[in-house]
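Shared between the two complexes below is chain A, which pairs with chain B and chain C, respectively.
Presenting the complex of A and B:
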């Protein structure tokens, strides 16, 4: 009885074939999902690339600004040094001219 | 290709669990969609077979628990779904009806045992339950079926 029931259960519960267009309908649902995922991945990559480019551009601009600032500072220092040197030179000339016996 | 190779097992499992062919088909579709999303994590064909059955069974059990109970009228309507030419069709229909009256866990155990021909150890791994629970589900379900069938035979005679 036990084995007979089990054998009848195996017959009754045998796998059933799905409708003929089952696989086609699954693929019809899978493909747009994969395409959406690929599009999303493309946009993510494009976004990351754009962010990297912007970061590099900003960094380069800031460095350029820093270089210009440093150049201006150096120029100011050179001019200051020249002015000081010029004053010292004028003072020396004046001292030599005003010295008795010259 | 992959869908064609596995569709019969996945669809049948869903159908035996959920009764209605449209609901079973929908669940089978979702399982394959999930498979395509996780295809990279599948390590072998054996893993694929196990994964498909596991996801199908667990999703079906979840749906059955949400539904709470299936009305008897709908069982009568759909018990013919998946009928075979071989064997006694009335017996097969009655057995399928009786299996559908079991609890979701017991139904899953019976379907995996008699449709997929899996042994209790494999079923236990798939359902995340102890082997002894699987064995006791099998024994109790077979006893219930036998009692109901013998009761019907006595009533008829």
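Presenting the complex of A and C:
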């Protein structure tokens, strides 16, 4: 009984020589998988880079908009400050002109 | 109710234009502090023309209209970048702010008389009695109840700043310009803002 089982197992598990194209066929299946992984990694990196670029671009645009707004506000304030100054200069000079004997 | 005494008499004007005004207009200001003695001082401290302006928030709350402008050197530089040198008004403004380190304006308009007290401005007036400040113009009008004082800080004949206090019945204004102010350039702005042309150089020096 034992001998028979052992014999069957030996028969089933005996070493066999792989066919000549065995290695090539295995490699043919392995390489595309690696390529797919590399391609996926590349897309992931490109996506991340694009996201970073977009974020930097949006940030830069918003900063530029804030700078323009601050600049325009500063310009408006300069104009207003000089206008007020000149109005008060004018008030002083008008008073001088109105003074008797001037 | 006015803070000024009301009279039924013809409007009287009390005007004082100091001799400094004509000197300044003629460009003949006397040498400033530290040069008259001819003795070299080892440490020369240039006084600052920037005034410490009080917190007028209580007055701002009562005012019907208020202007609160604080422009330091960096903001003036920023504003200059937004002025078009090809536009006459902008070009004149550019010239006027060249060399300035700050412009500070506080102006409050009220809908009633005597809404503010002279004491509110006294702190500023005290600073203008410091060395270096010279009162160029002092005008007092009983007709319009408008008092205007214009001070200039000069050191070694160089203008380092200007201060203006205008108190009217329902409005008071403080302007402080810090830096090498050129009155001629400032006067070039007249008309640009709808303000009639001033004639400071022709003003007579007279007592109050």
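Please note the rule applied: the second predicted complex is superposed on the first by the 80 of 102 C-alpha atoms of A that agree within 3 Å, B and C clash if a C-alpha of one lies under 4 Å from a C-alpha of the other, contacts with A are read in each partner's own complex, and residues count from 1 in each chain.
Assume a contact is a pair of C-beta atoms (placed from the backbone, for glycine too) under 8 Å apart; a residue touches a chain by one contact, two chains touch by 3 or more.
Because the structure is a prediction, the values reported are computed rather than measured.
Chemist: Name the contact category of A:81: first (chain B only), second (chain C only), both, or neither.
Modeler: So A:81 only meets chain C here.
Chemist: Classify the contacts of A:98 with the two partner chains as first (chain B alone), second (chain C alone), both, or neither.
Modeler: A:98 sits against chain C, while chain B stays out of touch.
Chemist: Once the structures are superposed on A, label A:90 by its partner contacts, choosing first (chain B), second (chain C), both or neither.
Modeler: second
Chemist: Output check: A:14 vs chain B and chain C. Expected answer is one of first, second, both, neither. What do you get?
Modeler: first
Chemist: Report for A:70: first if it touches chain B alone, second if chain C alone, otherwise both or neither.
Modeler: second
Chemist: Quick one: in the complex, what on chain A touches chain B?
Modeler: 1-2, 5-6, 8-19, 22-23, 25-27, 29-30, 33-34, 37
Chemist: So in the complex, the part of chain B that touches chain A is made up of which residues?
Modeler: Those in contact with chain A are residues 3-4, 7-9, 11-12, 15-16, 25, 28-29, 32-33, 36-37, 81-82, 84, 86-87, 91-93, 95-96, 99, 110-111, 114-115, 117, 142, 145-146, 149.
Chemist: Looking at the complex, which residues from chain A come into contact with chain C?
Modeler: Going by the criterion above, the answer is residues 67, 70-72, 74-75, 77-93, 95-96, 98-102.
Chemist: Using the touch definition up top, name the residues of chain C that touch chain A in the complex.
Modeler: These residues of chain C touch chain A: 11, 13-15, 17, 67, 69, 71, 75-76, 78-79, 81-83, 93, 96-97, 103, 105, 107, 137, 139-141, 143-144, 146, 148, 150, 164, 166, 168, 173, 175, 177, 186, 189-190, 193, 195-196, 198-200, 203-204, 206.
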